[in-house]
Every structure is written in C-alpha cells, then in structure tokens.
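So the structure is just underneath, and the comments pick up after that.
Read from first to last, the chains carry the letters A, B and C; within each, the first residue is number 1.
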Amino acid sequence: MPSGPRPPEVTVDGFEGPLDLLLELVEDKKLDIFTVRLGDLADEYLVRVRAMATLPADEVSAFLYIASRLVLLKARSLLPSLVPPSDDDEVDTEAELRLRLIEYATTKDRAAALGDRMRAGERAFHREGGSVILPPKGGDPDALAAAWLKVLALTRETPEEVEVPGERYSVEQRTAEIEALIAKQPSVTFVTLLGERPTLGYAIVTFISLLDLYRRLVIDITQDELFGEIRIERKVQRMEELPE
Amino acid sequence: MTRSTIAAAIEAVLFVAEKPVSRSELAKTIGAGAKAVSEGLVELEEWYQGTGLRLQHEGDDWQIVTAPEQAPFVAAYLGADRLRLSGAALETLSVVAYRQPVTRVEIESIRGVNCDQTIYTLMQRRLIEELGRREAPGSPFEYGTTWEFLECFGLTSLDALPTVLSPDGVRSGEPVPTE
Amino acid sequence: MTRSTIAAAIEAVLFVAEKPVSRSELAKTIGAGAKAVSEGLVELEEWYQGTGLRLQHEGDDWQIVTAPEQAPFVAAYLGADRLRLSGAALETLSVVAYRQPVTRVEIESIRGVNCDQTIYTLMQRRLIEELGRREAPGSPFEYGTTWEFLECFGLTSLDALPTVLSPDGVRSGEPVPTE
C-alpha cells in the first residue's frame, strides 16, 4: 500500500473492509476509540458507503452488517423508549463492536509493522543443502503425489481465474432508482423492490439504499409483525424537528 | 564432548540439512543429550554475533540462515525477487502470525471481510500453512506461519515478532494463544 | 566496509551458493575491491577456527564446507536413506513430474510463485533436466524428470506415478501433455 495520505473516500481498490472504514472515520475525526459513541458514526458511515462507486458483490454483506449495527445503536440512543434492548446481551452490542474495532486497529498496526519489515527487505535466506548425493535415494512417491495434490488445490483458483463477481452494484444508483420509484408511488413492499430472484448482493445493496433513504428522511419503513411484509412509504413531509 | 564441540557438530549438521532440524533429531544424530544440544545451540547463537549467519527456529525446528542485514548481497547473488504483499494480505498474515493457531472464521471475524483470497495467496507463497483441524464443530483448519515466513521477515523466531502497542497501551508483541 | 563486515557479507553469499564462487564474482556481488575481498576471506577463515565449518578453495573459487572432523555426524544425518527436499522443491518436482514437458513459466504459473531456486536445486540433484527448447516465442527450455528421478522414487516408469484426483475430481495421474 502506498504510504502517502489516504484517499478521502474508500475505493474498491483500496478498501480493506467495513471495520477499516469505521476505523478510518474514528481516526479522521480524531475521536477516541474508547469513548466515541459508535452510533454517532452511523450517518457518516452510510454516506461513505454510498460514496463508493461500486461495492464488490461478495463484500456488501460485511458492510451491511456493520451499517445495521451502527444504525441500531443510533436508533437506540435517539429513541430509547422505542427501541428497547430486546435482550440483555444487546446492551453489549456497542461494547462488542468497540472491542472488534480495537482488535482490528491492533491488527492494522501489526500489519504495518510487518509491512515495514517486508519493505526494508532485511530477510534471511536458507541454503538448500550442500552435500549432494547422486543419485539421491529414498524418494516417496506418495509424498510427491501429496505435493502435487497440494499444488492442484492451490492452483484451483489462480487469481486470473477467480470468478470476478459479474454483478457489481452501486448503492448510489440503487438509491436513485428507489427514490424515483417512491416519488411515483406512495409505497412499495420490500419484496417488490427485490424482484423475483434477487442475488444476495442485490438484496443487500437494496437494503443499504433503504437505510440511506431512511436516514435522509425520504422514506418510512414499517413492518406490522415479525417476519411480516416490510413496507416502504414515501415520507409525506420532512420533519425538521427530528434530530439529524 | 565439550559445549563447543557440540556446537560445531550441530553447525555442520544444520549446514547440510535442507530443512529445519528438530532438537531431538540433532541429539540423535550427534549422540548427545537434549540438554547438551540446547547448550550447543546457545553457543552457536553466540558464535554468530556479527557474522553473516544466524540461527533461526520455528518451534523446536532449527536451521541456519543468512543474517538479514546481508539480504542485499544475497539477493543480488541469487537474483531473488522481493516479497510483495498487498495490504490485505499483510493484515491476514499479521492475524495468523500473532494469533496462531487460528481458523479462517476467526481471521475473518477480526478483519471483518472475506479472507479466502489472501489466505490462498499466503499459502501459495508458503508463508502460512494448515496446521491441522481444530476439534470443534465443522473441524475447521487451523492456520499458522511457516519457517519461510520467519525467513522472509528476517525473524529468528516467533518471539522476535515486532511488538506493537495496541490502542489500550498493552504491549502485544507475543503471539496470543487462542482460547 | 570494515574487514569484518566484508567477511560477513562473503559468508552470507557463500552460504547460499550451491557452487564455488570466484573472488571476482564475490567482489562484484558485495561491491568491494579485490583486495578487500581477499582480506575478508582471510578473516572468515579465522572465524571458522574450531567451528563446524571450513572455507575451501580450488584455485580462485571459494566455498564453505563442513569441517572434516564433523564428517561422522554429517554422514549420520545424510546417511539415512531418504530424499531431503524442502516442501517448495518437492512441490516444483511434482509439477514437473505430472506435467512434463513443462517450461519454467508454466511451472511458475501453476505454483504461483517464482521457482528459479527450486528448479536449480532439482537440476543439481539431477531429479529434473532440460529436455530441449520449445518452439514458442522466446524458445523457453522444457523440463522433465530424469532416470535418477525414477530410481530415487522407486518407479519403473512415469506411468507408475501415483494417480491423484484433483480437487475438482479430474484424474491427473498421467503426465498431461501441455498444449
């Protein structure tokens, strides 16, 4: 990784994942990782996710997971009565997320230390052994076969052959789509938005888009019963008194 | 045999060995006790102060390697490529190095992303390896670093991993055993 | 560079070299003058007093060898009838065995890593050899296994190689002709 200043927004090339993004928010705002209220970062986090041109389809769920955690934390701090901790352990959600973030920060520091060593190039070399006895004896065909199997296993998906996720979704694009739709009709169900055979990536981008629209007070999300239909409704008017 | 003659015998055996040699194999080969071999290894380590060689060990397997400060000359002689790893691969490697033995799920939960590709890359470069299966649901593979990892990073052993101050100020240099 | 640092650099280079190295090549590799290299070699010789290693030269070609008095231990270690190859070398050998004739680029694309050193080692051991040049851009060498390979692995012919089911279930027991 280049050692220069970090780019202002996470690009697909440079991103290391949702924890990296969250850590970056904490560091950019010079917040204390031990005391920052993580829910306060929910908006900024969604903004950053939204700013990503595209999300790799296989990584969106990881971003969504952290996003949903942050939104939940924020909702709980804003409307404690409406979002009561359902379980005892939910009280620990923030502490748990914080621990993960701290652990990730440590991992990053360690990776940086290893990276410094790697770039310094101060490595050791072994020798392959001197006394050559010819012809060598005692080769084990099974060991050779095992080595071949190992090579085959590691060759199975060389980087060139790795299936590049054909589907890449832009949260921004999906958000615009939904916003356009909701402008035309007052409400729509989540199932309708997903279409007939949604891929996981499509479903998740759709979900993040909804979180984003919800955050921007464009829509309301209702669900009458557990596992019931999720209905997305156009917000009639912006309620400016609501906290941002 | 004196300590020095044992050190010399160890040195000769390690010199011709193609791969790291365990202390017990050394003891058997040179016909000395385990304690004598340990002392011999300490002596050998002392001999190598300021020379072009050093002693490296991964667990109980020992080998002689070149001193990291000689890397430019050795690399020039061998025409060796420089190791290049992406930031993502370095992160995964650091989790494995400091947390081994560690499973894929544990690595992914720490990094927060899918680590298939980086684990694959690190295995292919022989920097990490499958140690065996954990006795847990699903019997997942446990990963650990290799002696090639020590060599590539110029570490004489895992104890020499760089110490990093974690955000809470706790020194976290040594590998932390996982529960 | 001081005499000692030159001696250390020479030692590291000679340590990894699998063949004697001339003084002029040493000088070029470590970027020192001929006189400095000569002095470094003298110093290295002094270091080796009483250790398990010796500096040996034939004409102007230098190499590190084990001290003669350590021969019994070296023989005891090497004597055991087993092939000693590093994991990396064994993997490269398996690629050549199962995929011959194969070029270096092909080996490296299969293993995903640079294989210069292991190919060199295997050639030194006469386990693989250059078969000739392929009629392709760059006319790369094609490698195959030797009769010493068959003897070493106790195989009557290449057809006797163990059949391996690749992870995707394809039989790859026989050498597959490359396209």
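In this section, a contact is a pair of C-beta atoms (placed from the backbone, for glycine too) under 8 Å apart; a residue touches a chain by one contact, two chains touch by 3 or more.
Note that the coordinates shown come from a computational prediction; the quantities given were computed from them, not determined experimentally.
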Chain whose mean Cα position lies farthest from subunit A: C
Chain nearest the overall Cα centroid: B
Computed distance of Cα centres, subunit C from subunit A, in Å: 45
Gap in Å, rounded to a whole number, between the CA centres of subunit B and subunit A: 32
Cα-centroid distance, subunit B relative to subunit C, in whole angstrom: 22
Where subunit B touches two or more other chains, by residue: 15-18, 64, 66-67, 69, 74, 78, 80, 121, 124
Set of subunit A residues in contact with two or more other chains: 125-131, 154
Subunit B contact footprint on subunit C (complex, rising order): 4, 7-13, 15-17, 21, 29-30, 47, 50-53, 64, 66-67, 69-70, 73-74, 76-78, 84-89, 111-114, 116-117
Subunit C residues within the subunit A interface of the complex: 12, 15-16, 18, 65-66, 74, 78, 80-84, 86-87, 89-91, 93-95, 97-98, 109-112, 117, 121, 124-127, 148-149, 151-155, 160-168, 172
Subunit A residues touching subunit C - in the complex, by the definition given at the top: 125-145, 147-156, 158
For the subunit A and subunit B complex, residues of the former touching the latter: 1, 16-20, 33-34, 58-59, 62, 66, 100, 102-118, 121-131, 154, 157, 159, 162
